[in-house]
Every structure is written in C-alpha cells, then in structure tokens.
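Down below is the structure, laid out as structure tokens.
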Amino acid sequence: MTLLSRKKGEHGLKLSTSDILEIVRDIGKVIEDNKQYLTELDAAIGDADHGINMARGFRAVSQKLEGMRSEDIGEILKAVGMTLVSNVGGASGPLYGTAFIRAASAVQGKSSAGLDDFVSMLDAAIEGIKSRGKAELEDKTMLDALIPAVAALREAEAEGMSLVAAFARAKEAANTGMLHTKDIVARKGRASYLGERSFGHQDPGATSSYLMLASIHESLQELRR
Amino acid sequence: MTLLSRKKGEHGLKLSTSDILEIVRDIGKVIEDNKQYLTELDAAIGDADHGINMARGFRAVSQKLEGMRSEDIGEILKAVGMTLVSNVGGASGPLYGTAFIRAASAVQGKSSAGLDDFVSMLDAAIEGIKSRGKAELEDKTMLDALIPAVAALREAEAEGMSLVAAFARAKEAANTGMLHTKDIVARKGRASYLGERSFGHQDPGATSSYLMLASIHESLQELRR
Amino acid sequence: MKKLINSTESVVEEMLAGIEAAHPEVRKLDTANVLVRKDSPVNKVALISGGGSGHEPAHGGFVGKGMLDAAVAGAVFTSPTPDQIYEAIKAVATEAGVLLVIKNYTGDVMNFEMAGEMAAADGLRVDQIIVNDDVAVEDSTYTTGRRGVAGTVFVHKIAGAKAEERASLDEVKAVAEKVILNTRTMGMALTSCTVPAAGKPTFTLGENEMEIGIGIHGEPGTHREELKTADEITEHLVDRILADLPLTTTDEVAVMINGLGATPLMELYIVNRKVQEILETKGISVYKTFIGEYMTSLEMAGTSVSLLKLDEELKVLLDAPADTPAFKVF
Amino acid sequence: MKKLINSTESVVEEMLAGIEAAHPEVRKLDTANVLVRKDSPVNKVALISGGGSGHEPAHGGFVGKGMLDAAVAGAVFTSPTPDQIYEAIKAVATEAGVLLVIKNYTGDVMNFEMAGEMAAADGLRVDQIIVNDDVAVEDSTYTTGRRGVAGTVFVHKIAGAKAEERASLDEVKAVAEKVILNTRTMGMALTSCTVPAAGKPTFTLGENEMEIGIGIHGEPGTHREELKTADEITEHLVDRILADLPLTTTDEVAVMINGLGATPLMELYIVNRKVQEILETKGISVYKTFIGEYMTSLEMAGTSVSLLKLDEELKVLLDAPADTPAFKVF
C-alpha cells in the first residue's frame, strides 16, 4: 500500500497520484476476481461476455499503468479511459472508457484529489455515459448503480464526511441501485431485447459499477491504515 | 395360422405357398420388434441403421405380399428378394435381396416345399450372399449365422428329422454362429473399418439372420399346431 | 466445453490467420483484426462491416468483389473497439466515401460511431447505416429497438453491388436503407452456444424445449416452448415475419434460411420446403433462395428465416456478381 | 434427439423437396430420390454420385455445371437402392457414357454395381470408380479397404471439369483415378451424430474425450483419446496423411478442411492455420484451400483434413468453372 497524503486532516483527506494508481489497480483485481460472476449475470440477460470484456480491459489498463510516470491524475484517468475504449469493446467499453475520460477532464492537471474532486469526477463520468449511451435512470444499466452512488457522495460531502465514510455510503447506494435492477425491465442495451423477460435479473453493468465503487471504498480503507 | 399341408406325413412335411407367406410375414414382425435392438448393435460397430433398414424392407415386403396371388413359392420369394433389394439399401439390402432371389430359383415353379427344398434354398441364398459380398465364414457377417445353420439343416435332413426339429437345430447353430461373431474381428462390411475394435461386438447382420431362422422355427411350430 | 481451439484467448487471432491463409482474395491488416479486400477499387464507395466474432462466415466471409471492402472482428460476441474500426476505415477509405454497415447493438453502434468520428476528424467521408431486421424484438424508440441479424447479409450483398456500380455514397446508403426497410428475420434455437472464454453454455434447454426468437449471441429470445415439428416452427417464424412485413400476391421476395452453427443442412432444407409452401399458398413469389450458414452463433443449433421484399432495382443488385469466400454469384 | 424435422420417415423426401425449391439449377426426378442437373449437355460423359443421406451438401449440392449430373440420395447413412441409382443413370445417360463415383462402402459398391449392371443390360455405357481416401482405415485387400470420405468432393470437381471439357469416358475415369490416387483424408470427432430413425446418438464421448479417425457415419474411428489442442489434433491428422502420401518440397497440394456438421467455421479456420503452418514448414506449397462443410455426418462436431497432391492437369481442372449449389468456382 502506498503512502496516504494527509493534506487537510482526515476529513479533508486528499489522495495522491500513486493512491489513484493503487485504486485503479485494485479495481482491476476485483474485476478479475469477479470475471466469472459478471459473465454469468450477462449470460442470463445478455451474451455472456461482460466479465470477460471488463477483465480484458483492466488487464490492458494495468499493463498501461506499469509504464506510466505521471503526477497528473487527469492524465492517468485519461489513459485508463483510452485503454478501456480500445480493449473492452461491446457496450461497456465505450461507456466505461468515456466515463474515465470524462472523469479525467474533471481533475485535469491535478496531482491530488479530495472528496469534492471525486464528486466532480463521478458527475462527469455519468454525463459521459449518458451522452454516449442515451440511457437514463431506471433503464436497467450501470447508471442505476452509479447515479445513486454519486448522489450519496454529494450528500456525504455536504455533511462534511470523510472520503472513506463518503465512499461507504456511495457503495451502499450503488448496492441498492444494483439490486433494484432486478425489479425493473431493461430499456437499453442488450437486455432490452428481452423485454419483460429481463425482469428479475440483476444487470451485469450495474454490478461491475457497484464492484468498482466497493473496490474504491476498500482501497480507501487500506490507504487510511 | 394357415392350414398345414401334410403330404408325406410329419417328417416329410411340406409347406404350402400360404405357409410360406405366413413365414415371411412372421419374419417381418420379428424384424420390426427387433428394429431398435439391431440398430443398437449396428451403432456399436457400424452406422446405426441395420434395424431401420431391415424394418423398412420388410414393411415393403408385407405390402407387396398383400397384393400377391401366386401358387409359386419361387415367385413369392423372388418378389420378396426384389422388394428387399429396392427398399433396404445399404449392405444388407443387396445381400438379403440376392439371398431371397437365389433361394427363389431353387424352388422355381413349386407350390410346396419340404426340408430338402429348404436346404437347397438356403444353400442358394448363401451362394448368392457370397458372390455379391465376397465374404467368407469368419469375416464377422451374416454368413457366420447362415453357414452353420444350413450345415445343421443338412445334417438334420440326413438324420431324417422333421422340418420343425431341423429348424430347431438350424436356429441353435445360427445362435452359436451369431454369438461367435463377438470373438472375431470383422474383415468385411462397415465393421471392418474398425479393425481390432470390432472385437467383442456381435454382428448386426448375423443377428438379423439368426432372428429370421428363429422366426421360421417359431412359425413352423405354430403351423404344426 | 468441447472446441477445436488452442486457447480461449487466441481464437480470434488464429481464426483470422486461418482465413487469410485460405482465401488469397483477402488480407489481414497488420495493425488490427481487420480483413480487407485485396483489390478494392480506389474510386468506389468502401463498405465496412463487422462486429463480435462467433458469427462466421459473417463478416470476413463477405469481403470481396461485390460485397464488403473490410470486416472488423471483435472478440467473441463483443463489438470491436473504435481503434480497430478506425484502422479498417483508414485502410479502405476512398474519395467516394465509406459506408459503415452496423448491426443494431448498443456496443456496435457506439464503437462504430466513435470510429466514424475519429475518421471524420481526419477529413474522411464516412456515413453509416444500422441494420435491425429481427422481428423477435419489439421495435420501439424508447428502447434499443430491434437487433441486426442474418438480414445484414442482404445489405452487404445489395449495397456492395451498388457500390461496385460506382454509385455515390448517398446512393449506396439509400439502397442499403431500402434493403433494411424490406428485410425481416426471425430465429429459433434448439441448443445454446458456448462462448469460449465463458467455458460453458450460455443457457440450457431441456431435451424437449426450444427457444423462440433467439438472436445470434445466445441471448434469450421471446420465449421457450415445447419442441414442435419443423413445419409448425417454420410456420411460426414466417407468421411473425409476415405480421411485420405484409406481403401481397404481387410481391416477390428473396428467402434466406440461415443455420445458426450446428444445424445440419438437411434440416435447413426441410425448413425451406415449408417456407416455400407457405409463400406459395399466399401467392408470394420467391425470386431467389439462399440456404446455409451466413450469420451463425458459434455452435448453436437452430435457424433463422429472413425475407427480403424485392423491387426491380433490388433484384438486379441481388443478381450482380459477387466473389467472396462465403457468397458467390456469377 | 433435437432436430428440425417433421418425422423421422420423411426427412429425405422433405429435404429433397427443399433442395429442389431452393436451387433452380437442379431438379428432382419424379420417379426416384435423385437430383439431376437441369441443363446437362447431351454430348458429355455424365457423372453420377450418391450414397446415404446425412452428408449434405454431399452429394446433391454438387450437382450442376462442372461437377455432377445426378446425385442419388439413400435413406440416412444407407446406400440408395439399385433401382434409384438405375433411374439416375437413365435420366442423365449420354452417348458419351456414364461414370459412377462410388464411395468405398460395401453397400454403396453393391447397390451401384447392381444398378450399373441393370443399365448395361439396357445397352447403356456405364463405368465406375471407387473413392477410398480415408487413411484412418488400414488399406488391405483382405478387408473392405478404406472408406470414401470428404476427398470424394475433389473427384466430383476434377472429373466433373474433365467431363465438361467433353473428354471421353476413359479420360474422365483416368483423371478421377488420378485424383483418388493422390487424395488422402483423416478425420476426428468431438461429438456423435444422431440417426433420426435411431433417435439417439450413435456413440457417446466424455466431456474430455475425442474420437480420432472417425468416418462420416458415426462409426467408431481408430481410437479415443483425451481432448487435445487444435494444433495437436491437426498435427496428428496431417501426420497420418503424410505418412501415407509422402510429399516433398516440390509438391503442390489442395487442402480441404471439412466440417462434419456442428463445427463452427471459426474452429475450421483455426485448424487451417495449423495445416498451412505444417505444410509451410515442410516446404509443401498450397495451391488452393477449401474450408467449410462438404461432406458432413449429420450434426457431428468434428473435422476432416484432406490433401490432394496436384499436377498441372489437376490444377487446371480444379480451377475450371463450377456452378453448383455448394461449390462455385469462376
């Protein structure tokens, strides 16, 4: 685990570029560990490749990051996004890729990031996903995990919570949103072809989004130690 | 059951054309009942169609016989053979077809047949099979049931046995020959492609030959009643 | 999982190497998983299609004279990435322009669009059309709409012939749109496919079950039901198509009976027999019939039926020469 | 058993009706399960092949210009009967004569020979050749010898081209014999096929087993072994072929990678990649490669590799035009 930069005390905690690198690498591990699980969720209402796609993408990301020497978090996230775009494919590739690229612009030139930055990054990511994929909340996509998560993050920020605590809330909200995808019918993506038959199944993309947020929370806990 | 013609007393028993028709029809039933069994034997060392082929052939035979009015056993058997040739296909079609056609020439013009005629018919049938298929005893074919059977029949004739008793012997000999096909390696027909791997399996054609002889024996017993 | 492969990771690359070795008329780009036509004329609209792999011969098998200039191969069932598609565009783009033929899947649409934007930024003239022939899916502007399936091959053939005539990009696009407007497909499956990297069948059907309205990725269809006879199944497929593409006795159609991967040709012909009988009963003329594997779903057993309503222009273009590994007309 | 059929009894007749409806260039005889070429020239040697059904596109798919004049379809995996073959001969026989192309199976040989005798009795000029390309089976005069499998399609193509040139019956037969002498095939299976009327798979293989040296009727091969990689399997198949057909660096071959029914084209291409690599390593040139389903075994998963050693005459004939439902060269 890398050093944690405590620039403004625990609650105004800021992460360094190396923390961000650590977080992204941890996401890659979580995705790899859940490759089979995500693929099985996709088999039920899609084409059985979501875990495979994401794992391929994050394997490329971690190769890419190995060679990267940068103090610019924006630059790092942009590299992550571009790598996802050109290695994942399918629907999730352009969407997660765009998400990271947009998140990057929110922290362009910065070498540290606090909770406020995370809110901006996630906001930008969600806007990117929406404009690429034309989906909304309740369409049974990754947005159903991400939108509640950033709302929770913003709330936590307003309440002056710490980054870790805020991500604990975001993770919870993402989890609820992810589980809620079982209760709705898909209107976007491959599952939408199923119509009513998509009901009762958890969306794989919402699940990978939840897993990423949960991984960030976990990494933050590690970093705090 | 049709009437039994007792021209020369029990042991010189002669069968009428209608007896022959009955015998052929009974063979058809036995083949139909054993369709699955013969096909399974063929699945093990061939192409899983022997029972299907034979059943198709004998269904055509019984249709053919329905419309036939003849007192000539030769004519009847020739019709059976021709029908088999043009409905069975595969290896067994030309072989059994030729067998019946050749058997027919042995009783050409006759309206009754005794044990001596059966010996001639079977002799002719075997010659026909041999000349069509170029196989010999111990090649793991139908001949391994038929050749011992006709030998037994001839022996029984020499001993002055009745037709029924003679066919009881022929059936036994065919059964032994059929079982013996398990202990040899195929040199002719589709099973020969297997080489050593055909060992241990009972030949489907030897089995259908045995079933026909057993059926004749059964019919003769019925006819005697 | 029983497959003739070396590793689940290498299937696409090794397949492309095998295609390149088999068909001298196509070449694989060094820089990407893209098959291009070797002798693409420089003054004609370039046609590019592609998508996830696992649908062979689609789309690489349709690269050649009279059809596609390039086909981009993604991972199995996964749309190719924008950079791969961008390489394809750069490799075959002409002054006359490029038309991207995209099957209607969120992933394909997004990745192809991103590549189109990249190429447009380079000053290349790129347009696109989206194929959505699958009547199993309800058409709605609130959802992703219909999937693109086997009918896509009609688009390749006819737009390809139009481009070969040196028609303009707009003309090629217009005829492609006409094909899309007049093509409908409906499919069914007897068994699932297995995505190599997933290692097990995407779904399982009982010994007496079939999946109706299946797509080409092992995604569930409209419903499951008890296995019926070929005639009953065919009737259902054709009914679904005709409910959406009403045809009258003056109409002429092209028929495609597409095998999904493991269906013996024997069964496809049995299906065709019934399709022709139904159409004949309704007085609809069949101009041409295509039977075989055009757009598969790995080793799935099942079939799709496509009908394309023809006019004089489409007939001429359908009959125009094509010389590709998987589709030859002369 | 999951099949798109109406009844196990009607598969062949319904398939033939479906073929006739799909391909205007072939016609089914009213009197028999025979597909004939519609425009057979009257002054050329007529080529007839056939055998049990279940091997589609063989043989009906090869009826047409440059290949067969007639194909006789028996019951599934069952040689057609002499009267059916006789009808085929009568339908296409010419003054130039008839050549029967028979795969080496006891049943096929006997039924075709009987038909040939019937036709000869009518005064028709009929000759025959027997194809036995399968190296899985040991060649021996004491047994039935080798089976005829996918390599038969090379005989159809090349003898068909020779006949199209108006060569004499002896010349057509001679070139067919040359092809047979120079063709070898070796196959393997991952799964069994199911004969419709039998209702269940002919054999069963474990999840990790394959059958090496399989024929095209679900008959057992040379042995069973643990599933290996595509490259290892291909190496074994090619080795077996080359052990029987020694080739040197000056030799040129045609390659056929034949799918047995349920094998995705993707996998056939992966096999092809390795075949080409092996041949290249040995310095053997590949003149032309054919990939796809040519001689199937119902829904069996598996493949066969065929090599045909070429000379100048064979190359020209292989390249000659052919226009049949399943084989087109132009």
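A, B, C and D label the chains in the order they appear, each numbered from 1.
Going forward, a residue touches a chain if its C-beta (ideal position, glycine included) is under 8 Å from a C-beta of that chain, and two chains touch if they have at least 3 such contacts.
Nothing here was measured: the structure is a model prediction, and the numbers come from that model.
Minimum number of contact steps separating chain B from chain C: 2.
Chain centres were defined as the mean of their Cα atoms; on that basis the chain farthest from chain D turns out to be A. Separating the centre of chain C from that of chain D, both taken as means of CA atoms, is a distance of 29 Å. Distance from the chain B centre to the chain D centre is 34 Å, each centre being the mean of its Cα atoms.
Centre-to-centre, using mean CA coordinates, chain A is 77 Å away from chain B. Within chain B, contacts with two or more other chains are made by no residue at all.
Annotation for chain D: no residues touch 2 or more other chains. Taken chain by chain, the contacts run in an open path, each chain touching the next and the two ends left apart. Contact between chains, as defined at the top, is found for A-C, B-D, C-D.
Across the complex, chain A meets chain C through its residues 39, 43-49, 52-53, 56, 85-95, 132-133, 186-190, 192-195, 197. Those residues of chain D lying in contact with chain C across their complex are 2-7, 11, 14-19, 21-23, 53-54, 56-57, 61, 190-191, 207, 210, 227, 229-231, 233, 257, 261-273, 276, 286, 289-293, 296, 298-299, 301, 303, 323, 325-326, 328, 330. Put simply, chain C touches chain A in their complex at residues 52, 74-84, 105-107, 110-111, 114, 134, 136-138, 142-144, 146-147, 195, 197-198, 202-203, 215, 217-220, 222-223.
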